[in-house]
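Below, chain A partners chain B and then partners chain C, in two separate complexes.
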Partner chain A sequence: MNIIGVTACTAGIAHTYIAKEKLVKAALEMGHTVKIETQGTIGTEDELTRQDVEKADIVIIAADIKVGGKERFTGKKVIEVPMQMVIKSPKALLQKIEEKLKG
Partner chain B sequence: MKFKWSVIKQHLMTGISYMIPVVVVGGLCMALAKIFGGPMVGDQVNTIPWMINEIGKAAMMFVVPVLAAGIAYSVADRPGIAPGLVMGFIATNIKAGFIGGLVGALLVGYLIVFLRTRLKVPNSFRGLMPIMVLPLLSSFIVGLMMIGFLGEPIAYLQQGILEWMKSMQGGSKFILGAIIGAMMGFDMGGPVNKTAGLFAKGLMADKIFGPASAMIIGGMVPALGVALSVFVAKKKYTRAENEAAKAALPLGLCYITEGVLPFAASDPFRVIPACSIGAGVAGGLTLMWGTASQVPHGGIFVVPLMDHPLMFLLALLIGTIVTATILTLIKPNLKGEEEAEAEAEIGLNDLDIKIG
Partner chain C sequence: MDFVEVLRPAIVDLQMEANHKQEVITKLAELLFADGAILSREEYINDVNEREQEGPTGIGNFVAIPHGKSDSVVKISVAMAKLQSPIPWETLDGNPVKIVFLFAVPKQNSSNEHLKLLSQLAAVLAHDDSIQLLLEVQNPEDIFEVFKSQKTSV
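Right, the complex of A and B next:
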């Protein structure tokens, strides 16, 4: 799968990046391509480009707070999950998404 | 419109996330001013510490307005920002504080959402909606409500809570601190932890800084305690866990509870109680001993800026030892090489993929 996503946590200094790391690691191990944008207190980093969004099969939004720029994902398959889930069980989450996408 | 608690909590969290840097600036400036200028820094007009104190005070004025603006923005997007700021300032003015700002912001936000969907305007007026009609109408209505009749009972409630917190002595302070600490240690960044954090950070907006130190200590003890347990009883842990402990130590010192996650995920029924009890003891002691933190983040780095930093360190040490002792005692010896990295299956069944 071609996975893109956004992470954002309350303080915007730690979990945002932990969640990104977990998602990227799990996705790569499972053989997916992945790009995650972080919306931390420092600002948006690794911003998703229009090409990224176009190529994506699934958009994962892992956030405890309001995420900016959701309108970019109009028409895409979007899944919103709490940060906790991405940090605790990234692989199970990806597996589940894969199952759901296959129908 | 949805009124689910999880949605409302997300709005509150967004507000808090915008509020934190304001508290940090205000809290750090005031703490620094006190270090250089002494407790009476407010009277030493035109000295540098006094100026720093003034900067801190200025930032503190904006804590509730920024919180409210963030909440209203989360509910209603950009049209929510201005009315949110106004409601937050009104709440500060009428002494309805944190709770007042929160109520005002949610009301104004949802009112904007309501107006936006219900109010039908001719096309030529559409441009006026976000910059004039929505902010003005919502500020007008909720502002009148806040000043007219909502503010007073909230201010009353708020004052009551503050008085109660201030009047607490010894034992009851220990209990409050213990509850905050134990909640912080319970689920490492999960909902229980967030609720305790919301409470402690909210009180900071009203210049009650004690619970914040219980919150910080509760977030630090679990990772430190688990790391200590691994260092004294290496053989009870897998190789992966021994590695994870080396990461948990700095994470704990930096007030990032997630260092415990690898341990909690593979053995929740031993690790979570041990963390909660240690964090609870530390939280109770730190509040009872009168430590207070004007800064909501930073772990070990903000300890020098706290009131009674040595007491904080002592409570931290005791809590860490309690967690480590409990965990080491109840942890069984390893049976063979268990290297499986367990992943918790949490709520994966109600995943909801939306197209749109």
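Right, the complex of A and C next:
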């Protein structure tokens, strides 16, 4: 799968980046391509481009707060999950998504 | 720019004796205060505890990352404790906690470079093998090695 996503947490200091790292690691290990945008205290990093969105099979939003720029994903398959789920079991989450996409 | 700029040996305690979460937070805040990273222990601890109310900071794997954005912080820092014996904490996997990283970030005018360093440090904690190494380290220098050696995407 071509996975893109956004992570954001309340303080924007730690969980945002741990979640990104967990998602990227799990996705790569499972043979997917992945790009995750972080919306944290530093600001937005690795911002998803229009091309990123066009190519994506799935958009994962892992956040405890409102994320910015959701309108970019209009028309895409978007799944919103709590931050905790991504940190706790990223692979299980990706497996579930994969199964769902296969229908 | 190096992790040692935010995770300084003076704010690392690899043999902390503590029985509960508040004791760990208080002891680490003491270290931050003595190191000149925060101006007020009380204010900082209050801000940390406010964040604790919002959701679990135990990320599983025996690691907790309490953090406070606080006006009392004057130097972006990460204090670290390894505990002599595991203590209860609100964690994602229900396990107790053996390592605590307490993040101290000013509410305003933060240096982006140091914030970036914090985000990279957090990303290292996403790797099980890094945690395994951190659980084994005996001196502060080895901690920096663990953080330096792990390649992250952040």
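Throughout what follows, the second predicted complex is superposed on the first by the 103 of 103 C-alpha atoms of A that agree within 3 Å, B and C clash if a C-alpha of one lies under 4 Å from a C-alpha of the other, contacts with A are read in each partner's own complex, and residues count from 1 in each chain.
The rule is simple: a contact is a pair of C-beta atoms (placed from the backbone, for glycine too) under 8 Å apart; a residue touches a chain by one contact, two chains touch by 3 or more.
Since the structure is predicted, the reported quantities are computational estimates derived from the model, not experimental observations.
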Tell me the contact category for A:Thr49 with respect to chain B and chain C: first, second, both or neither. neither
A:Asp64 in the overlay: touching chain B, chain C, both, or neither? Say first, second, both or neither. both
Would you check which partner chain A:Ile13 touches, where first means chain B only, second means chain C only, and both and neither mean what they say? both
Which partner does A:Thr33 contact after superposing on A: first (chain B), second (chain C), both, neither? neither
More chain A residues in contact - chain B or chain C: B
Classify the contacts of A:Val24 with the two partner chains as first (chain B alone), second (chain C alone), both, or neither. second
On the A-aligned overlay, A:Ile87 touches which partner chain: chain B = first, chain C = second, or both, or neither? both
On chain A, what residues does chain B touch that chain C touches as well? 10-11, 13-15, 18, 41, 64, 84, 87-88
Please output the residues of chain A touching chain B within their complex, sorted ascending. 9-15, 18, 41, 58, 63-66, 74-81, 83-85, 87-93, 96-97, 100-101
Which of the residues in chain B end up touching chain A in this complex? 10-11, 13-14, 16-17, 20-21, 73-74, 189-191, 194, 197, 254, 256, 258, 261, 265, 297, 343-348, 351-356
Quick check on the complex: what are the chain A residues that touch chain C? 10-11, 13-22, 24-25, 36, 38, 40-43, 45, 64, 84, 87-88
Of all residues in chain C, those that touch chain A in their complex: 51, 54-57, 59-60, 65, 67, 69, 92-93, 103, 105, 110, 112, 115-116, 118-120, 122-127, 152-154
